[in-house]
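What follows is a set of structures for review.
Okay, so subunit A shows up in both of these, paired with subunit B first and subunit C after.
Moving on, here comes the complex of A and B:
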């Protein structure tokens, strides 16, 4: 009788304990709650740090020297995946970011996503077809022409569409024919959203990048919890534009804009730029990052 | 007696002045967008940018605003002149900032509500986005829309106008572009003799020459210059041999070799006022343009098959009599009400004079 009572007491107490433990446990996920999530784009150039500096000289695989004057690109259409296959798409209108490598304030794509443990993130380099065809009221913020907030020239105005990715710099291998100003500039402006849509051969450089968060050493899934922020920290190796799967030589290719073959080669290197370095979870303030 | 005379004089003067303003207002009755009964449903979605008097007035001011160009010298109205059906009369190619020349003859701003794509190559996919092309073109206005907005924000007269039109003093790209569209959407040309005949208005009828010309037109021209817009809005190569600037036309936008030297089929409305002709303004008269189809259609790889004839020749065979009749018919597409519509003219008191 006494033993029975003790067992019941023990069971009761432990259940209470468990319940208490659970309610305190940060790992109880409530998918109805939205929390802060960001991807950080941390630029490097091969094994060098990234500088916008005409005197900081990089060298690509061909041995061509170059410096970087400008690097901007659009990140859009952010999606997150869980181990069980469930996915969450950030609402489109909250999902357009313009990364300016020369402005550290722009290095995060900050969105709100449901609580959860995510093992994969996906995003687009560029701006999707639909948005490229929309009227001005749907082109707000970084998609607009507005002073201080707009796209700052990431738009082709004569054959209209967003420039997805812009890399400009200088290199001593650039000839006067390639840059008639004599400033030895190289300019890569990559865009093209497959217009006209009825032409399968139309220039389409929209690239979707998927980052697997299980590959970094240690546990670096994104644990998204209300009141805290999870930040997926990517390195973006700009050198891969030249030394990616497609080799780009500045001497041969100093200007790439509205050219399907050449821009396709550069866009083909995009996915090799992004490497998941680590994830910072349960972040309280941005200063921790 | 003298006193009475003076008072009388003043009264007459006041009356005269009053009458003047009244007349002005009478001329400028705001009608909004009017759907011509012989036209199809517009392509433009007015529900997302309803035309208001205030929106149109702002658009009109912006259309004639030289601050849209880099050195504040060129307005939209500089190269799109109303009396030339909003083209650049007397210029083969557009004559923009710093006297720079483009490679193309400006297209008229006319019946834009029925177009889905804009410019000779279709490089803009919406009327609201079309002005961006001209503002940024280095041979036209050589400015950026962003900087235009900055300049307008610095002008005290604009925030109240934006507030009246859109309910906020904020000057942004959306409201700027919507206002310009509201103005351009009112540039409807639908009151030519042709329209009146089609709508069976009053006693208006074609002459025999016009009737014959219309028949010839229907059999030989209407497949591309289809009624009632007199363009099917497509891009075609009509055998105009490339000039030394080698403008690739539609292929500039699509990158598709099949689109080489194709240009948008222009409307034939108000043809007499939009000289010179073709995308590069090489032909100075309608007669010469018609002779192109008779004698000069070049055998280019992307030539529209419609110009290939069974006997191996190219073009549109046309006798002198047929040509005269056709020209008589084309004259019926002139719409003097459009050219003198005061709603579309430079606003009264504008500091900018179009020359």
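Moving on, here comes the complex of A and C:
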């Protein structure tokens, strides 16, 4: 009697395991199922950690000292690509994120995408032309104009719409002529969606960043499966704003907003900021990240 | 008999003609129609330069045409250009107030929230070049690009351009006007060009001062106004210069000397926000003195409610700052413009002589949608 029960229990348990193994088989991809996918923006400054702290001093390639007070930027228009060339575009409404480097809660862009193995991700730094011109009811969430919940100052009144990227800090090289407040601030507010479209002088700093997930050592494709989360972990090296393909010196360029040439130089450094470090697949809870 | 035959023939011909035109209508009508109205449209607008004015700025990329100006006028008064269909350019630019709105900071846009700068007057803009640009800080280099800002601003007209274009395409009168003006269907760029054309035709050059100046009416200005004219030229002519009564330049007129507030994307920095030239801190574009008596309140933020507040400012309120315009400093080191009460009365009398009722009441500038 007892033996019989043990056998049945054993059989039952093993069949349970079998079923569990089948249902969690990562090789079975059902593209009709949506699953959690995120990109994580992990900030660094050259070889150093990222701090929003007026007393934590960094040094750029020119040897200029600076500290960071604010770093925010829009991520939008997220797209994923598979090895076979198929791509998935996240619906626009679900695709606007405002990363605030001073608030770790904002470091992920969490979206839902079909199950699949993705080897490339793409996103825009900023806000696309279409959304920049939409009526306020289409500008919700981080794009909204409601105080305390929306764009958080990432918007220019009367000119060029949303600010795509904002880096502010302090540096002893900034003069009173450059910052009339006397606080030696540098401010890089980069935006401009190429408007008016028929004006060759219009400022267009919309940048698309493509990240190849096959370049990190080891297998770091994004394996997106229902019930689990795949997280593409990027490092964002803020120092590249100064030391990227275009060199930016704070003493010469302390404040950039509407100067097309200068803002174009900074936006030209954007793609050098983002490096794919690794991907965390089959994640059950965010605490694992 | 002959006439009966002729009549029958005539009827047959008409019938044939009608039938033929029906067969052709589908393939020919559109092209012919577009060609016909396009030829009609190429009539340039006759821009009359007032005898006492300089030559206007050339705008070769958007030449004035009769159709373009007519379209611009219709659009200027068109509430369909706003997201909520109830705000037009004219909401904040009222002809009777020299196309300003009488508010300190307009709050009559689609959101009802106050704007950050005062609604400016609109006249004689054909004499403003790209080096000074538009807006109080010159942030837009021409009227064509300027128009996009209020059209899309969430607190002004907040329109989504594809929606705007769809609305205009649905109205045959607008389609015809666009075809005539630009030989194309409605576009956002066409809207901006037409608005620019209409605004360039808004000319104020028929005030009592003008009639006096051109010798048309030597009695147009009385003795007090003439004394005021001389005083204004002496004491204000450095910036409010020439026949336009503006140098179209940017000056810090000493409203503020403290520029530590860098909020709202540095909107309180004035021209410096755009130019990053340290001498432009707190500088704003000189508004014309024409029609000044009908366009209160004053300054870029509307802070001075009436003309006496403006005189008070220039006499005793100018603040000394690093970028305050040097012309406010007197040889004795004092800052401000010395003006006696009597001089002020004469100057105000003269300023009334710059009110141009021809322009303020010109029917060709008014709302064409009103019957």
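In the analysis below, the second predicted complex is superposed on the first by the 260 of 289 C-alpha atoms of A that agree within 3 Å, B and C clash if a C-alpha of one lies under 4 Å from a C-alpha of the other, contacts with A are read in each partner's own complex, and residues count from 1 in each chain.
Keep this in mind: contacts are C-beta pairs under 8 Å (C-beta built on N, C-alpha and C of every residue); 3 or more make two chains touch, one makes a residue touch a chain.
As the structure is a computational prediction, the values presented were derived from the model and not from experiment.
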| item | value |
| --- | --- |
| Superposed partners subunit B and subunit C on subunit A - clash or fit | clash |
| First (subunit B), second (subunit C), both or neither touched by A:107 | neither |
| First, second, both or neither for A:189, with subunit B first and subunit C second | second |
| Which of subunit B and subunit C A:152 touches, first, second, both or neither | first |
| First (subunit B), second (subunit C), both or neither touched by A:136 | both |
| Of subunit C and subunit B, partner touching more subunit A residues | C |
| Partner chain in contact with A:203 - subunit B first, subunit C second, else both or neither | first |
| First (subunit B), second (subunit C), both or neither touched by A:257 | second |
| Which superposed partner A:233 touches (first subunit B, second subunit C, both, neither) | neither |
| Segment of subunit C that clashes with subunit B, given the candidates 9-17, 333-341 or 351-359 | 351-359 |
| On subunit A, the residue positions that both subunit B and subunit C contact, one per complex | 133, 135-137, 139, 145, 153, 155, 157-159, 195-196, 199, 201-202, 258-259 |
| Residues of subunit A touching subunit B in the complex | 133, 135-137, 139-140, 144-147, 150, 152-153, 155, 157-160, 195-196, 199, 201-203, 258-260 |
| Contacting residues of subunit B [partner subunit A, same complex] | 48-49, 121, 123-126, 128-129, 132-133, 135-137, 144-147, 149-150, 153, 172-174, 177-178, 252-256 |
| Interfacial residue positions of subunit A with respect to subunit C in the complex | 132-139, 145, 153, 155-159, 161, 163, 177-183, 185, 189, 195-199, 201-202, 255, 257-259 |
| Complex contacts: residues of subunit C adjacent to subunit A | 83, 110-111, 115-116, 135, 139-141, 144-145, 148-150, 152-155, 158-161, 163, 188-189, 192, 259-262, 264-267, 269, 272-274, 276, 278, 281 |
